[in-house]
Every structure is written in C-alpha cells, then in structure tokens.
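In what follows, a single structure is set out as structure tokens and then discussed.
Labels A, B and C are assigned to the chains in the order they are written; within every chain, residues are numbered from 1.
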Amino acid sequence: MMENRPHERTDRPPTLSIENLTIEFSRRRVWTPVVRDVSLRIWPGEIVGVIGESGSGKTLTSLAALRLLPRQARIAAGKVRLGETDILSRTDAQMRELRGNRMALIPQDAMQSLNPTMRVGHQVGEPLNLHRGMPLRAAAAAARKFLETVRIREPERRAREFPHQFSGGMQQRAMIAMGLALAPDLLIADEPTTALDVTVQAQVLKLLREIRDNSGTSILFITHDLGVVAELCDWVYVLREGSVVEEGPVRRIFAAPQAEYTRMLLAATPSLHEPRRAGEAA
Amino acid sequence: MARFLLTRLAAFVLTMFAASIILFIAINVVPGSAARSALGIDATPQAIARFEASRGLDRPLVVQYAEWLRKAVTGDLGTSFQNGVPVGPELLTRIPVTLELALLAFLVANLIAFPLGVMAAARHQGWVDRAFSTLASLLGAVPNFWLATLLVMLFTLWLRWLPPGGYVPLGTDPVANLKLMIMPALSLGLVSSALLLRIMRASMIEVLSRDYIRTAHAKGASEWVTLRRHGLRNATIPYINVAAVEFGFLFGSVVVIEDIFQLPGIGSLVLVGIINRDYPVLMGGALVITLFVLVTNLLVDIAVGFLDPRRAKEGQA
Amino acid sequence: MTTGFNWHRWRLAITGSIIIGIILIAAIFAPWLAPYSPYDLDVAAMLQGPSAAHWLGTDELGRDTLSRLIYAARISMQVAFIAAGVGLVCGTLIGVTAAYFGGLVDLVLMRLMELLFSFPAILLAVVLMASLGTSILNAMIAIGIVFIPGFSRLARAATEVVLREQYVESARAIGMSNTRILFREILPNIIAPLLVEAAVAFSYAILLESALSFLGLGAQPPEPSWGNMLNVGRGFMAQSVMLSLAPGMAIFLTVLGFNFIGDGLRDALDPHMKD
C-alpha cells in the first residue's frame, strides 16, 4: 500500500505539503472548481514530477503554493505548508519574504519572463537586493557567480547584456540562476524545458539534477513530457482535470501504472513504448 | 549608434524640405488674395498687378519657391507685405515665448497624466481607475480656448489673482512671467493631459499583464518596486512616442492660446499673417512651428533608441 | 439577462448616441425648436442673463442665445459630417490604393501622408483657410484635408490585413476586375475600424471648426457658430457669464457624445473585452 519513498523523513517536515487543495476559477461571476482536493508532498532533496495535460491544474497548484494565483482564481479549501510555515495564513508582506527566498519559481516561457529593458545581471541578482538589502548594482555584480553556476560562459559579459541577446537555452538557465540566487528550499519549475531543443533540454535537466545533488534543494517539476519525468524525477503525481489520479515512485509508475489514465498517457508516448502497430488506437 | 543618428538627421532634413514645399503650395494655392488684403477691397486690377509684380507673385510657383528657398537657406525669410519688417529677426524674438508656453503646458500635462495614469493602471478596474478614466474622458472633450476663457473668468474677474494677458520675459521678471504664463499653460496642459493619461494607463496595463511582472512578484518584489523597476521603463517607451506627437499638437494650439492671452509668440504672428494674407510672415511662422514639431520627433526618436535596447540594435544593423 | 440585446456592453456607445441624437434633432429641426430667429436684434435687451423670455439670456446685439445656439448646432454638425466625410472618402481611397498596388505607389503615397500628418492639425487647417478664404465651405474642405492622412493610414493597414486573406487572391484568379475587388471584397471588410475612426474624426472636427470660428476664420457674422459666439462672449466676460458658458458647454457635450460613440464602438467590437 504505502510505497517506499526514499526521501521521506521522520525528523523533518516535508519541504512542501499540500493537503486537500481546492482552487476555484471564476467565469462570468460563477466560481467553478478547477483543482479538486489535491494533496501532494515534496521531501527535502526530492525531485517530484507533476504530470498532466493542459488544463489539468498543475500550474495553478504550483502558483497556489506561492500565493500568486491570477485574479480570476481563488483557493477555496485546503492547507499548504512550506516546511513548518503555514502558507495560507501568511500576510502579503510575509509571503513576499518567502518568494524568491525560500521558494523560487522557474516559469515556463523564459523569453517572456525576462524584462526586456533590464540587463540580465540585474535581474538575476535582484533577489539579493530584495531580500538581503544589497544595492542593485552590487547585486548585479554578484549575479555573475550565479550565471557561472548554471554554466553560462563569459558570465561577466553576459551579465551586462539584455535578454534578447541570449539564446533560448541561456535564457532558461538565467531564470534558473535567478531562482537559485538565495539557495531556496524549494524550486518550482513549470515546464522549463518545453520550448527547448532536445540537446539543450538535456543540459538543463542535468543542471537541475546537479543542483539537487549539490545543495539538497527540492524541486517540483511540472510537465506534460513523460520522457523528462522518467529521466529526472524521484516521485510522480499524475493529475487529470484537477485531481490526483495516481502517485508513486517513478520506476513503478512507468513499469506498472495502476490508473487507467496513467496507462493512456504512457501508451501515447512513443519514446517509452514499443512502436505501435499500424491502425492500433492510442 | 552613429549610423542611427545620421539616418535620423538625414530624414529630418528631407522632411523639413518637403514640409516647406507643402506649406508653400498651401499658402499660394489661391492667387490674388495677398494683394487684395494689403491694398484693400477696392484695389484696381492694375494696382493688384503692380503689387504682385513688385513682389514676384506673378511668376510660376516653382520659380517663386526656388527663390524663397535660395534666400531661406541663407537666413533671409523675406519681409512682411504689411509693414516691410524682416520676418527672420521677428521670428527669433518670438521663439522663446512660444517655446516657454509649449514646455510649461507639456510639463503640466505630464505632471497630471503620468502619476494618475500609473495609479489608474495599478488599480485597474477599481474605483480609482474608473474615476481617473472618467476625468480623462471629460477633460479631453473640453476645447482649450473655452477652458482659457473660464480660467480668466475665475482667476482674473472673480478672484483677481492673475492678469488677463500680456507678456514679460522670463529673464526680466520671473514671477510676473509665471503669473502671465500660468493660465495659458493650464489651458493647453489640462486638455493635453487627458490623452496622455489614457495612453499611460493603457500602456501600463499592458505591461503589467506581462510575464516578467509575475517573475518580479515571484522573486518577492513589492507592488511598488515591481511598478517602478519593471513596469515604468517598459510602459514609458510607448508613452513617450505618443507624448511627442501630443507635444507637436501643442504647437498647433498655441495659435489660439497666444491670441487669447496676447502672448507675442510665433502663434499670434501666424494668426496676424493669416488675417492680413501676409505670405512671408505666414510662411516663416508656419515653418518655424513645423520645425519645432519635427525637431521634437527627432529628439524622441533618438531618446527611444537609447531607452529601448532592442531598438538601438536595429539602428546598428 | 442571458438572452436579448446586451445593453451593458453597448452602454457607452448608446449614451453617446443619445447625446448626439439630441443635438442632431436640434440641428435639423432648428426652425421649429428655436424660440426666436437667430438674427433678430433687440439692442435694448442686450447682454441679459437667463430669464423666462430668454432661457439662456441674450448676446451683445440682443439676440436670443438659445436660438443662436440651436442654429449654430446646424453649422457645427454640417461641418463635422462633411469634413469627416471628405477625410474618410479621400483617405480610404488613398490608403486602399497604396495597399493594393504596393511598391512605388505605396511608398510615394504613404510618404506624402506621413508628411501631412506631421503638421499640427490646427496649423494646417489655419494655413489652408488663409489661402482658400474664410467661409464655412472652406472650413469643411480644410478640416477634411487635415483628416486625410489619418484615414489613409488606417485604411491602408486594414486593407493589408484583408489582402493577406485568401479571398482576394481567389477573386483575382477568377478574373475579377480591380474595381470590383475593391468594392465587393475589400471595402466591406475594412468598414468597421474606419467607422470607429470616423466617430473620433467627428469630435475632432467639432473642435477644429469651433477653433477656426473662434479665430474669426470660420462662420462669419451674423451666422452663429459656437466658436464665434464664444469669441464674443470672451469680450463681454464681465457682463454676461452665460455667453461664455453656453456655447462652450455645447461644444463640450457634442465632443463628449462623439467620443463616447467612438470609445463605445471600439470597446464593444473588441473581442478581448471581458465582462
């Protein structure tokens, strides 16, 4: 019944604990639940994958942890804890202290997520200014270190450049650097490799694994790409239309999926499966 | 960057040149009116013919223009048909007046539009937004010459705080100068602020919906820091473009406002030139106003090139 | 309400239409609505404030302000519609031609339009009036010319969008003549943004016409125009507040009405509008 979860501990609380979370969306003044009763946990040093198709609520769930839901969404029920901290009862000012500091977001579209009129170094170093009181210029200088960590070459020159001068992969790595700046407990990565070429994707995944290995940062990895999950994650949650249909260690999920939906997803992924015979339904 | 500047300058010179042609055509489209205006309605055809011959108005337009251009590039803008006063020097004495009016009005407009527009966008769809948007709607519909009249009624007739018109150079007596410039600047500036407020609001709303704003929030930036550091720079770029155009329009409106407040600027000279069909005066005045507008556009173009890192790169390509 | 006409969405445009409707009715039915003739002098009764006999008082020659205001509406509306019409028709022609034929034609036409556009509107109008002569007709022409660049730019952009669609290619392929394509395929599809722009043009035309009249370049006395009434009112500021207030209010409301229509149309037709 309870599967073995290597990263689970008894001496410390989970890095992130979401219990019975329900999120509602408003359309024309009517609130409908789009995330229903979702529970998930991430332990220290664990890389947890959340798989689902578009509209499954995976992004909303992660934004709820940051309390950055869009205006049309609201948390209707549930509990969210970051370590010992109760997220849902924090004031706005207290949340601001946590964001970028103890938990960081690596959003989906790096190009759009970077300020086009601000130098990359300034943006990557900004957490130091926001949380450690460093003047922005000094923070930009310190940011070179972070750019090195994510393997951006010539970090000094690059820090002074603007986002449009970076390639797609570099932009994504800059976003990762931005998230890592203050060594957060939790990194929330929302489809960070979706828009990238396969080779670049591999580099980014390798980078994320190294980050976890070197500093014990937990990672919440949201994606619809099963191949990526297979390569990177320790534990998997499968989301469908706002509910968790299955969870388990990555190996077991792929080898012996219990839920019908999980089996469907796996069957539809050509790289993980025998080539389908012509005419066979998905 | 040098190449960017040079191309812009070249375009500017060409546009000035083309503008002078258009103005020349526009003014000289209907023959005979200059003479009739200077000599009176009862002027005989012979008197008109003599008048026109002496000023070269009977020659083909192209020849007239070439002659005008030849003199203009050396700084000679002709002499008034009415009183023979050289146009060039007259314009020079009037430029500071118009410039001061336009700049003050622009200052007023931005002082109102910028903060209110940003606030309206930051509180989008709240009551602040609706209040400011309504204010902008109403102000934008007010004719500036009516506002000028109302201001004079309030501040001169009723409160007796400000004089109704006239001019004192800034250098001579700054306090008196400002007292005389305040109502003209308000008349122009308040109405202009309406459009600028809408633009700033729209621009900021657009910027605030972008992903990089969410990134800033995700890093823990407060609303104020996000607005200032990430929002403003991006929202200001489209705003500046529109503000520049509006500044140009201000130069058009000075024709009316200078007349109302008896300010000896280019605008009132243009008006005199129109009423008297005094072509050299009209041509000179209209040209200077157009020059102001085009110079403004040029400066803004360059400024945006510096502000927007993506643009500057294009200029280098 | 889930069915029926969506009043809420069109509320701004409707409000504007009501305002303009009232003014239009006043303009069209002026002879029946105005209590006096706008030219009747009564020097003994000059510069009076509002009274039972003269709801808005009288002007410097004893004429009834309300009646003159109503008749002035005629002039303003006429100028607005004709000037906007001139700008719309000529501008659309130029814009569509430029977009349709492209190449050198496009370049030359659009450069010319850009140049015209860089002149401040009032300046251009005033300069044109200088050479054309001061009359209401010339005001219509001058203001119309001022509008041409704006409409041409819009028409060209809208036409470009249409040209990228397939049906123009197909029309050409089956041998439809250019003029037919213009009228059957292109025009119907660019009307919407042009109408919104027209509403804006109307309001600007009212402002320009009254500015020209204010300067003495538009309607000539004794013809009443809101602009020249304001000009007179300014001279008699101390004696009669209403003479400065009423015409200005009329201009303000008319411009506001057209602005509401323009904004309302733009908002209502915008697919991105949320409730």
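Just so we're on the same page, a contact is a pair of C-beta atoms (placed from the backbone, for glycine too) under 8 Å apart; a residue touches a chain by one contact, two chains touch by 3 or more.
Since the model is a prediction, treat every value here as computed from it, not as a measurement.
Engineer: Farthest chain from chain C, going by the mean of C-alpha atoms per chain?
Structural biologist: Of all the other chains, the one whose centre lies farthest from chain C is A.
Engineer: Could you see whether B-C or A-B has the larger number of C-beta contact pairs?
Structural biologist: Looking at B-C and A-B side by side, B-C shows more C-beta contacts.
Engineer: Compute the distance, rounded to whole Å, between the mean C-alpha positions of chain A and chain C.
Structural biologist: Roughly 55 Å, centre to centre.
Engineer: Let me have the rounded angstrom distance from the C-alpha centre of chain B over to the C-alpha centre of chain C, please.
Structural biologist: Whole-Å distance between the two chain centres: 22.
Engineer: Indicate the whole-number Å distance between the mean C-alpha point of chain A and the mean C-alpha point of chain B.
Structural biologist: 52
Engineer: Provide the residue numbers of chain C that touch chain B in the complex, in ascending order.
Structural biologist: 115-116, 118-124, 126-133, 203, 207, 210-211, 214-217, 230, 233-234, 237-238, 241, 244, 247-248, 251-253, 255-256, 259-260, 263
Engineer: Considering the complex alone, what residue numbers of chain A touch chain B?
Structural biologist: For chain A paired with chain B, touching residues are 66, 68, 96-101, 104-105, 107, 109, 112-118, 123, 126-127, 130-131, 162, 164, 175, 178.
Engineer: So in the complex, the part of chain B that touches chain A is made up of which residues?
Structural biologist: For chain B paired with chain A, touching residues are 210-212, 214-222, 225, 229-230, 233-234, 237, 307-310, 313.
Engineer: Quick check: in the complex, which residue numbers of chain B touch chain C?
Structural biologist: The contact residues of chain B facing chain C are 15, 18-19, 22-23, 26-30, 33, 137-138, 140-143, 145-146, 149-150, 152-153, 157, 248-253, 255-256, 259-260, 270-271, 273-275, 277, 282, 286, 289-290, 293-294, 297.
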